[in-house]
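Below, chain A partners chain B and then partners chain C, in two separate complexes.
Showing the complex of A and B:
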């Protein structure tokens, strides 16, 4: 079946000028707004640049930014906080996301509606999620102080945003609330791809609900679980808006992750060369971590 | 029979409790908005106001430049979605149908671009836009948001085109269509639902951005997007939580509505490129 244009879409090797032509605009745009900026940021991370301007002559090459970075306690502090945040938020997103998915995956009337509700926070913009939780954890008339006093967890009202531990906890809660629906949605999709036959066979063999969960559900979910875990961790690792709007990285740098530190250095202190160095390190960690965890070629990410 | 009724009841109770607990923050935002301001400063808190002040939404629109912010957000989102969709539709189609030298590496690069931290990219973009004198203009946001959207939309669309049988184009070409004509007249119309879902997904990505707006637009008040505007309300000396909540609801509403339509397609968007 040959068309007049010498193109047969059913043939396995189909090189054609049209293929290149269709890719050209994307290549051009991505080159301009992603690749070129990336090159610029690696470039200025090796220069002593305060405010990035492209129409100025290059500064001399220096590794000072990286030397300063690795000897800076702030950097190691930020790395530690980022790690803590990634572990805690991902863990709870998973428990909550998997739990809600298993619950809503049961067959009942109104299931579609429950599915919709349970993942609703996904659709709330991060900044609005911060507004909600900043108000709920308000020091004077916030709901949570009242609830926790009623429950006997605390004796007097807590000023959540001036204590390092408390502020970190509120950031975690906000991120978990914003992040778990993603896990839920992914797990539900995974659950629905498990054939009913598996469960029927297990029932015939007399497996109880717990055994079915451990021996069928969890193993079948493993591939989705892996991808989801990486995507959640990368999200926490790179997130800026929630922490920046909520605490600005404070108090006493208790919530200053690598992303916040990068931004503060670039647009708070106008040390863009130094900030780019932090950003480049962050990117390298992102790429390596996701590769290691997937343990496969990057085309599966 | 009795046991299964019991089982059903427990299930409903559990679903209700979990949903209520998880959705409570959204409910609380709503209650805060419609409560009279003095009721927000009493303990114990009231979980439903005696006299709901529904007029708060109209009032906050009159007193604050909410409509301006929403308009700017909409312009930025529509602009970046049009830009991203134009290049992504073509690229996604090409990646789906052609074997182009370097096409696969481009696809991989686009995929890894999803991992770029915005806080890294924002620095060189700031330098570039400063040189081009775009800081403070919505164009800076449109271009910056395209860096967020293109990696998602390209892979979503490639995945969508992969599900459409090639026989459709072959038939069209037998009927005398050019390859380009087959794509425009046959494949794109068939893909309309996928295109719409992808565009809406891009809209949500743009609408939710804060980092780029904060960096490029802070000194240009008339171009503030909704998310940037709301943070300035939160930063005021005395936070008026009632007004902030009302404004937040107005800002979240478009995305919440899109979510209701998009839910079916969401998994495709979230996992775009995740599986082969």
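Showing the complex of A and C:
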């Protein structure tokens, strides 16, 4: 019909071209902002680079960064802190998220409002959330000290940010508060996809509420659960702003995770080669961890 | 095994009454089918029986025990769901044994009963598969199996065949009937399909808008429908309806249909009253008979063994669609179902006849049957 300009993408034999065409912008963007920097940082991690510049000539290949990394107690400390944080935060996010999801999945008056409340922390920007929590845990004016003293748990104000244990706890609390709504939203979506008849059948079979939770709800949520858990773990793993704004990694490196350490090495001490090495190790750990999680996820649904 | 006694059960959501004064006595081992169009309250009644919904008033007794306010699990009933409700994360074996496990039955006993039930239903080779790996018919059997391993006092089935294809449905229908004969457990079966109701039931409960229209065995339901709704619902194709006014032009009361005065066996006092005459398609024959009329068929459908002849109804005999349950077809057309018709019945005018004794009479205002 129309000759000259234009490809007739509606032709069956060309239909896949349209697919590629639509994919192209996203692929290009991902390549530009994720793949390319990734390659660069892997490359840099094998060079002795202080301040990375793209117009610099290549430095000779070296594994010094990695050797230094694995012999550094700071690195092992950061790994340990990260692991603790991931386990504690993921666990509590999961418990709180599932609990709140089960609560707001019930039909009651004000259900929509309750769901909004549950999801609210998710909508608060991380830095603002951190500032709020930093004030709540402030040693002189903080709400928490007042509450704990009133309740009789402590008799003198706690300086939350100068004790390693307390600072770590505060970071955990903040991250859990910020992270559980995501789990809750995902769980709620999962809960709503469970057919009512599963519960009806179980009730006719004489299963009580606990048996229904353990035998139907949890197994039916498993696929969503696995993915959610991975996303939460990765979020804790790489989250930077909460810890940086709250404690900056201190006191005494008690809250220094791998991402904080990477930042500090790269932009505090300008050891970009070394920082890249930490980044690469973090990446590998994340990939392995999520592969394991997905691999273990049951294939039943 | 036990009888079920339902007394004056009602259910309403606020102003909306979905079940009106439902009373029914089901004897031990009986197969009762609740049938009706969607929204008639049949599934609600079943859920109330199962304890999944609360009755607004009334009492239910199963095996003489008042279960009105008992939890579903304490009623000793088993239910088969429309979508089977098999748990996708459990194997067939575990699905079938779920109810027993929840009740804390001994594992070896569970295994014995599951194997036994699986043998009865012919699914013993599938026990270690997941529901996902089964065909529709197999899933349906597993759902039945899950009900029978419990050895309950009654089975409740909520449209268990509606997810099967037509051929399998006929097959499974017969199997459920056979299973019922073998086990002899009281069964309440809900369906919207009158054929399922007719073929399986000992007794049918036909419902509309939350009210029972008639309770009878299938043959009575077919031969003596209590009202216009039942008459139109049971049978396929549905009964033909013709409106007429009773006259006394002749020696006995008669109604003028298709331009003929057809004598009716009703008292003289009906003269002048409007009635609706019901005539089943299969009671119209080709060729001359007691009442013969010449018609021009609008359409002839052949099914091989039988022919459906569609005939336009004279305006004076047309029934407003609303009266017959909203089935528009019946307003201006009747169907004659000619079994083994001769080949000539294809085109052109034909002679049709019927026996006036086959006519069903309904009051045009109350829609109740006139006997």
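Going forward, the second predicted complex is superposed on the first by the 267 of 301 C-alpha atoms of A that agree within 3 Å, B and C clash if a C-alpha of one lies under 4 Å from a C-alpha of the other, contacts with A are read in each partner's own complex, and residues count from 1 in each chain.
As a working rule, a residue touches a chain if its C-beta (ideal position, glycine included) is under 8 Å from a C-beta of that chain, and two chains touch if they have at least 3 such contacts.
These figures come from a predicted structure and were not determined experimentally.
In the superposed three-chain model, the partner touching more residues of chain A is B, compared with the other of chain B and chain C.
By the touch criterion defined above, A:46 lies against neither chain B nor chain C after alignment on the C-alpha atoms of chain A.
When the shared chain is aligned, chain C comes close enough to touch A:207, but chain B does not. In the superposed model, A:274 makes contact with neither chain B nor chain C.
By the touch criterion stated above, A:106 is placed in contact with chain B alone, chain C being left untouched. Shared-chain residue A:143: touches chain B; no touch with chain C. Shared contact residues of chain A, touching chain B in one structure and chain C in the other: 298, 300-301. Those residues of chain B that touch chain A in the complex are listed here as 8, 11-12, 14-15, 18-19, 22-23, 25-26, 28-29, 32, 40-45, 83, 86-88, 90-91, 93-95, 97-101, 103, 106-113, 115-128, 130-131, 143-144, 146-147, 150, 154, 166-167, 169-170, 173-174, 178-180, 204, 207-211, 214-215, 227, 230-231, 234, 239, 241, 244-245, 248, 251-252, 255-256, 258-260, 263, 266-267, 270-271, 273-276.
Against chain A, in their complex, chain C makes its touches with residues 47, 50-52, 71-74, 77-79, 81-83, 85, 87-90, 98-99, 102-103, 130, 132, 146, 150. Residues 195, 197-198, 200-208, 211, 215-216, 219-220, 222, 298, 300-301 of chain A touch chain C in their complex. Chain A meets chain B in the complex at residues 1, 3, 5, 7-10, 12-16, 18-20, 22-23, 25-27, 29-30, 33-38, 40-41, 44, 51-55, 96, 99-100, 103-104, 106, 108, 114-136, 138, 140-141, 143, 146, 177, 180, 182, 185-186, 189, 227, 231, 234, 237-238, 240-241, 244-245, 259-260, 262-263, 266-267, 272, 275-276, 279-280, 282-283, 286-287, 290, 298-301.
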